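Just below sit the structures, each encoded as C-alpha cells.
In the two complexes below, chain A is the common chain; its partner is chain B in one and chain C in the other.
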Partner chain A sequence: MTPALSAVRRHGELDLAAKLVLAAGALVAVYLIAAPLAMLLLTAVRGPADALPFEQGAQWTLEHFRAIYSDSVLYTRIIPDTLVFVLGSVALCFVIAFTLAWLVERTDLPWRDLWFSLILFPLLVPSVVLAIAWIFLLGPNAGWMNVWLRSLFGLEGTGPLNIFSMPGLLACQALASVPFVFLLLGATLRSMNPALEEASSTSGASPAATFLRVTVRVLLPGVLAPLILALLITLEQFDLPLIIGLPARINVFSYRIWYELTPSSGLPNYGGAAAVGLPFLVVAMLLLVVYNWLIRRAESFVTVTGKAYRQTRFPLGRWRIPALAFVVAYVMLAAVLPTLVLLWSALFGYAPPAIDSLGKMSLAAYGKLAGNRLFWLGLGNTLLVATLSALIVTTVGAVLAWIIVRTRFTGRRFLDFVSFMSVGIPSVITALAVMVLYLSMPVGIYGTVWILVVAYSYRLAVTTRISRAGLMQIHRELEEASSTSGARWLSTQRRILLPLLMPTLVSGFILLFITGVREFTMGLMLYGQDNVVLSVLLWRLFESGEAAASAALATIIIALVIPIVFIARRYLSPRGYAD
Partner chain B sequence: MLKVAGLSKSFPTPEGMTKVIDGVDFAVPEGECYALLGPSGCGKTTTLRCVAGLEHADGGTIEIGGRAMSDPARGVFVAAHERPIGMVFQSYAIWPHLDVFENVAYPLRVQRPRLQKAEIQARVADALALVGMQAMAARSATRLSGGQQQRVALARALVRRPALLLLDEPLSNLDARLREQMRNELREMIHKVGVTALYVTHDQAEAFALAHRVAVMWHGRIVQEGEPRAIYRRPETPFVATFLGAANVLAARLETRCNATEGVLVLGGSATARLLVAVPQGCSPGDALELIVRPEDVEVLCAPPQDMHNVTPARIAWMSFQGSQCECGIDVGGAFVRAMVHSAQDMHEGAQVWLRLDPSRCILFSKEG
Partner chain C sequence: MVRIVFKLFAGALAISFAAGAAAQSWKDSAAVRALYENAKKERKVIIWGPQQREVDWIPEAFGSMFPGIEVQWLGDNNIATKAIAEARAGRHEVDVFHTSLGGVLPLNQRGLLAVNDWSVFGTKGRNVALDGKAGLTSNHVYAVVYNTQKVKPSDLPKLWTDLLDPRYKGKMVGSSFLMPRLMGFLGLEWGEDKALQFARNLVEKTDILVTQAPRDSFLQSGERVYAIGDFDSAGLFWASRGLPVSYVIPQPAVAVQFIIAVMANAPNRNAARLLAGWMTTPEAKRAREKMRFEADYGPDSESPAAKKLHSSGVKFLFENEANMAQREQIYKKATPIFTGQKR
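And now, the complex of A and B:
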C-alpha cells in the first residue's frame, strides 16, 4: 500500500491535546450554525407572534404560517418582486461578468492587471457605500447623470433616469455582484487546460467546432456553478433592496423579514419573520445542493490539479476598442464615478461638479464626523467585530478542514455539510435566528458588539474550503517526518503545519475581514445602543438627510478597506512552496 | 534489535477489508541493514509505517531494542514520536519553511528535556558533515536539488542518534544516474554510522547493494529471506526468481529420470532441446516443469562445440544492440530464450547458433496447477 492510498489518519492515533482541539472546533462550528437555525425553526412554530419560543405563555402553533401564507401580498407583490429582482439582476450581472472575465483571461486586452484590480472594487466596499454613490449619480432630481443628461438634451423636470425603480435596482445589484461572479468565472477560464483545445485542433476540428465541442462542454459546469451561486447571493441581498428598492415600493423576501420585525406600529412579529424565512432558507439550500453538484462536476472536469495554465489568448483585432470601451464603462460605473461622487460630495457638497464650486471646498463634513461620538464608536466596533469574527472563523474553519482532510472521524461528513451549509444561509436569516437565540438565552450579549461577533462568525464555508485546499497541498509526510523526529501532535501542528498553512490562513482572514467590514444586514438587524458599525451608521446618516456627512463617511470606509487589500496582496497570491 | 512477529494489517476498500500485511515475521540484528523488497502494493511500505508507528497494526508484535512498541493484543501502542527512530521519507519531507540547519535541528529542538544550544549546534554540524552538506546549512530548503534534499533528510533522521533508521524508498525520486551514485553514498553513510536500518524498496539493485539481508515480500507476506547473493542465486519460487532481475521462464517437460537428483528435460515440446539437470524431488517423467535461467547465464556459441553436453541448436530470432552487449531472442525448438552476447561477436538475425545452459545456473520449479 502506497502512502497516498493509506493517507488517512485514524483518530485513534491522536493524543489528548489533539482530541480536545478538534472536539472544541467541531462543537463551536455546530454551535455557530446549528443553534440559531434550530431556534429559528422553533420560533416559526411557537406563538403568539410577539413572544419568543420559551417565553411564558408561548405555545405550539401554525398560526404564523397561516397568517403569512394566506396574505395575498405574498403572491401579488413579494414573490413576483423577488423573482424579477433575482433573475433580472443575475442575468445582467452574468452577461457583464462573463464578458469581463473572458476579456481579461482569454484575450489580448491591454492593461489587464489594472482592469482586474479595478473590477474588484465593488466587492471590497460595503454595498451601502455603492448604493449611496449611485443615488448621488442617478437620483431622479439631483443625480449628476440626470443633471448632465437634462442639460445635454434640454429636458425639463426630473429624470430621465430613475434609480428608484425595478430597472434601477436591477442594474445596481448587477453592477455590485459582478466582481464576485467575475472572480469565479475567471478561475474557471484559467483552469482550462489549453491542451484539450489543441488536441481538438490537431484532430482536425475547426476553431468553431473546438469551441462548441470541447471548450463549452468542458467549461459548462464551471460556468453554471457561479451562476447558481450568484442566484443564491442575490436572493439574500438586503442592503440594495432596502436602500434603493424600498422608496420604489419594491418588496422582496429579505425585506419582508425585516418588516415583520420592525413594523410601523405594534410589536415585533418574531413568529411571522421566522415563517417568512423558512421557505426562503429551503430555496437557498436547494440552490446550494445544485451548486455543490455542479462544482464537483467542474472539479472532475478541469480543476483537478488546481493549477492555472498558460492560456492562448484570443487576438481582439479591431474589436479592441469596443472591448476596451465595455471594460471602461463598467469600471467607471462601478468604481471610478462612485468614488468621485462621494469624494466631491464630501468636500464640495451634493451638487454636480462645476468650476465655480471649486472655491467652496471644505472639510466641514469630515470635521463633523470627527466630532460625532457614534463615528468613533462605529469605527471601533467595525474593526473589533470584523477582526474577531474573522479570527474565529479562520481558526474554526482550519480545525474543521483538518478533521475533514486528515481524520477518519465518522462525523466529518456532517461537519463538512454544516460548514458548507453556511454559504446558503441568507444573512437576514442568520440575524433573525441569532436575535431570537440571544433574546431567549440569559447571557446578556443582545444589543452588544458580542452578538455581532457571534452572528458574523457563521460564514465558515469560505475558510473551511480554503484551508482544505491548503491542507491538501501539504504533503502528509511533512507532518509524519515531525512525528518520527520525536515531536508530539501539538508541537507538530505549531512548528510544521501552522507555518506552512499560514499564507492560506492569512488570505482567508483578509477575505473574512473585508466581508465583516462590508456587512450591513446583520449589523442593522441586531442594532442596539452600543453596537453600531460603520455601514449601519452610514445608512442612518444618509436616511436622516446628512448627504455630506454620509459621503464623507463613505470615503473613509473606502480608504479603510482599499489599503488593506494592497498591503495583504502578497498573501493573496500563493507563495513559492512548490514541491 | 528490531523484532517483528506475526504482523498483520487490513485496510477497508470498496470490496471489504483487504489484508495488506498478512503475518510478517523478521528480525534485524544490531548494526545490520535489512531490506524489504517487493513490487508496489506488496505491503512493504505499510510494514515500515507500522514499525514507525505511523500506522496501527491489527495484530502481531513490534519490538525495538527489547521494548514492545506495538502489540494490539495487549493494548500496547507507542506513538511515533515516542519511538527511538529516525525516518527518511520517499518525498524527503523537507520542511519548506525551515532552512537546512533548522530542518536537521528539528528533532533536537523538540526533544525534552531541552538540549543546550551549543550541543544542538555541534550535533547538527556533525550530521551535516556526515552527509557532506555542512556548507549549505543556511540555505533555504526550497532551493535544494533532489540529491541534496535526500542528504538533508538523512542527516535529520540520524541527528538524534536513533536506535533504528527507517528508509522508505529513499532513492525512488531521483533520476537514474543520481540514484546509482546516491546508492553507493547511502551505503557508505549508513555503514559508517553503524545504525540498525530497515530499508524499503522495489528495486532489487538497491536492496542488494545496501542490505545485509533482504526479504522479498509479495501479497503481504515475506516469501523469501536471506543474504542478497543467496536470494538471487537460489530463489525458492518463480515469483522471487523473476522479480529479482530479468529471467527466462521456459516451459519444460521431464523426459526421464536418470537418478535420484538428475533427469533429462525437454524444452518447449521440441525433441531436439534436451538438458541434463537437477530436478525437484517427487517429479516423475511426463511432469510439466518451469525452467528459469537468467539471460547472462545463457551461453551462445556460433559453432557446435566439441562437448555437446547440454548444448542445443537454436536460431537467433531478433537482436537488440545495447552498447557493450547485444540482447538476443533465441528460438529453441519453439521456446524463446533471451540471452546477452558481447556486441563484438559476429551474429545476426536468423543465424544458426548453439546454446549451452549450465545446469548449476538453471532453476526448476514444478508447474503449479
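And now, the complex of A and C:
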C-alpha cells in the first residue's frame, strides 16, 4: 500500500483541514435530515395537539395517535384513496414512460433528440402549473378538449372526460411523473446489450413479440428499482391531489397532513400531522429498503458486459406512424397543450379559443405582474433558494461520497443510510418537520428565505449517489500521486479531484436546481411575507381569482426553464442519437 | 318635480359638506398629524388580509392620503395561523391584521392584538370591537353568484335550501374555505344539526364542486354556473372585469363582519395605527367600495348599497362578538364535511 493510499484509507492520518471538511460535511448531512425527523418523532408524542414539543405545558402523550387512528375516515377514505392513487398512477405512468423510453432509446423513431427534450418538459415545470392548465383542458363541462370532443362526436351533456375524478387525477399524475421514470428507464435501456433483441428479430419475430418476449424479460430486474422509486415519489405527491383531488373529494395522506396543519381557525394540529406522517414515513423507508435490495440484485443481473458492442436500433417499420402518434400524443398532453392554454389565458383570459377573441388580446396581465412587488421578490427568492440549496446539497453530497468511497470511517454506512433516506421522506413531512424544528429553536429563520434553503437541502441522496458513481470511476492513483508529490489534502481535492468530478457535480447541481425551481409543497407550507417563491405565488394568484396573471406567471416560469431543458439535456441525455 | 330635484341636490350637498367636514376633523386633528409624522419615519407598514383582493387596493388609496409610507400586503386564507406561528418563533413582521371578526379571534385569545385609539379617526360606539382592539370596516354578504348567460331568472334560488333541488345538480361550485363558514351562519339561524345535515346533503346529493380554486374561472368558462357562498362583492368585482355574472342573496341573509386590528408587536407601530385607523374612516370605506365593491352594511353606514339593502326589508344576520364563537364551533364541524375528512 502506498503512503498516500494509507493516508486516505485511515481517517486518523488525514490532515487537519481534511478532518474539518469531512466532519463538517458529515455533521451538516446528519443535521439536515436527522434533526427535523427527530423533531417530527417528538412532535407525534408530545401534546396537547397545538403545542410545540418543548413548549410550556407540553407533555408526553399518545393521544395524537389515538385521535388519528381511531378516526374511521382514515380507513374508509384516506388509505384506500392513497393506495388507488399511488398504484394506479404509477402503473399508468410506467406503461407510458417505458414505451417512450423504449421508442427513444432503442428504436429508429425519427427526431429522437427533440422528443427527449420535450418529454422532459413536465419535470421542469411546477406541477401546480400543469394542474391549472389541465383543468382548463379537461373540465367536464367547459374544458376545451371536452367541448371539442362533444362537437366532434355530437355528444350531449357533460364530459366525456372528467378531470375531477379518480381516473382524471390518476391520468394527470401519471403524465406529470412520466419524465422522471423515463429518465431512469432510459438509462437502463441505453445500457442494454441489443444482441438478444437482434437474435429475436433475425429469427423472424415481430416487433411486438421481440418487445414482450425479449426486451421486457431482460430488463425486468433493472426496471423494478425505478418502479419502487416511482411509488415512493408518487406517495409524497401533494400538488395535484390538492388542486384536482380535493374537488373530487379524493383524500390522500399528504393532503391529510396539510389538513391538520391548516385548520379552520386557531393553531395547527402539529401532533396530529406528525402522527399521520410517521407511519407513512415507515412505509416509505420499507420501500426504500426494497429499492436498495433491487438495485443490488439488478447490478448482479448482467446485461452490460466489458465486451464491446454497438448500440443498434430496432427498426419500427410500419409501426413508425403509430409510435410517432403515441409520442406526439404524450407531448401534446403534457407539454404543448398546457403551454398553449396558459399562453392563451395570459393574453385573453378564461374564454375558450375563438377567432372573434383575437382582437381582445392584451398584455395587461404581464404588465400587472411586472408591477407586483411579490413577483420580483418571488423570482429572486426562487433563484436564490434553488441555487443555494443545490449548492449545499451538491457540496455535502460530494463530501459524503468521498467519506463513503475513500475512507474506512466506522460511521460511513450510517452516513450512507442517512443520505439515502432522504429519497423516502415526502416533502410534506420534511416541511412539517422543519417548521416544528425552527418554531422551537430560537434561531430566527422561520418566515425567512433561509428556512426554505435549509428545507430544500434535505435531498442529499441525489448527489451522494451521483458523486459516489463519479468517484468510483476516478482511480485513487491520481490522488496518491498528488499526495506523494507533497500536496496537502485540500490542494489535491481542489486541483486533481474537483476538475475530474466537475461534470458529475454539475449534472447533480442541475437536477437539484430544477427540483428547487419547481418545488411547491415546502414553499407553500413555509411561506410568509418575505419568502414567497414563484410556484407559491402562482397558486396564490390563481386562488385569488387572478387567472390571467397566474397564467402569465406560468408562461414566465416556462420561459425560464426552457433554457434549462437544453442545458440539462446536454448532461442527462445520451450522446449520438443520430446513428 | 323641480322642487324635489332641488331638495335632493341640496340634501346631497349637505351630506357631502358634512362628510367633508368630518374628514377634515379627523385628518386635521393634532393626534393624527403627529401619528402621520411618526409613521413617515417608519417608511412602511405591512398588512395581512385573507385574500389579495381585500388588501391590494390599499397602497393606492392610503398613499393618496398619506404619501411617503409604503404599504406592503399579503393575502392568504391562513394568515391567522401564520401570524401565530411567527409570533411563537419570535418573529414579528406583520403590523396590521385585516380579516373577519371570527378570523381574528385566535389572535385576540393569544394576546397578539394591541388596543388602538380609534376615536381620533372618528370611529366609536358599535364600530369598535374586542375592547378597543378592532375597528369595524366592512361586511361581506353570502350570495349565489351566477352566469347571466347560462342561468334563467326563474332558476335563481330564493332560499339556501332551494339549492338541494335537482335542477342545481352538477351546476354548482363552492369554496372549501367559505362553504363551512356559511354553514356556521346558517347554524345560528337553523340550529347546528340542520346546518350540518344541509352541508352533507349538498356534498352528497348535488355534486357540488368544492375547491380552493377561484370560482370566477368556473363561472366564466361555464364549467359550473352557480358559485355558492361567494360574496356579493365578489360578484360585483367579477362583473366589473367583464364577466357575465350577477348575484342573488338567498334567505336567511347573512353578513360577515370585517375588522382591522393593530398587532401588539407591530414593528412599524405608528404606521400601523395610522393605517388601521384610516381603514375605519368614511374615506377609506368609500375608496374600498369604489375599488372592491365591499360596503359597510352597518345601520349607520353612508354606503348607497347599504341603504338600498336596508330599504329592501331583508332581515340580516350579522356576525358579532356575541355569536362568533358559536359560529366558529359550527363551521369547524362543517369543514371536514366539505373537504371529505369526515362525514
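Keep in mind that, in the parts below, the second predicted complex is superposed on the first by the 514 of 579 C-alpha atoms of A that agree within 3 Å, B and C clash if a C-alpha of one lies under 4 Å from a C-alpha of the other, contacts with A are read in each partner's own complex, and residues count from 1 in each chain.
The rule is simple: contacts are C-beta pairs under 8 Å (C-beta built on N, C-alpha and C of every residue); 3 or more make two chains touch, one makes a residue touch a chain.
Note that the structure is predicted; figures quoted are calculated from it, not measured.
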For A:His64, is the partner it touches chain B (first), chain C (second), both, or none of the two (neither)? neither
Touching A:Arg488 in the superposition: chain B (first), chain C (second), both, neither? first
Using the superposition on chain A described above, determine whether A:Arg46 touches chain B (first), chain C (second), both, or neither. neither
Figure out whether A:Leu478 sits in contact with chain B (first) or chain C (second), or with both, or with neither. first
Could you tell me if A:Asp15 is touching chain B, chain C, both of them or neither one (first, second, both, neither)? first
Using the touch definition from the top, say if A:Leu500 reaches chain B (first), chain C (second), both or neither. first
Once the structures are superposed on A, label A:Pro442 by its partner contacts, choosing first (chain B), second (chain C), both or neither. second
With both structures placed on chain A, which of the two partners, chain B or chain C, ends up touching more residues of chain A? C
Chain A residues contacted in one complex by chain B, in the other by chain C: none
Of chain A, residues touching chain B in the complex: 1-3, 5-6, 10, 12-13, 15, 475, 477-478, 480-489, 491-492, 495-496, 499-500, 576-579
State the interface residues of chain C toward chain A in the complex, per the touch definition above. 46, 48, 51-53, 72, 74-78, 80-82, 84-86, 88-91, 93-94, 102-103, 105-106, 170, 176, 180, 203, 209-218, 220-224, 234, 238, 242, 328, 331-332, 335-336, 339-343
Contacts from chain B onto chain A in the complex sit at residues 11, 20, 40-41, 43, 45-46, 49, 52-56, 79-83, 85-87, 89-93, 95-97, 106-107, 109-111, 142, 153, 156-157, 160, 166, 168
Note: in the complex, chain A contacts chain C through residues 52, 55, 71, 73, 77, 132, 135-136, 139-143, 158, 164, 242-243, 246-247, 249-251, 256, 259, 261-268, 349-352, 373, 435, 438-439, 442, 444, 446-448, 528-530, 540-547
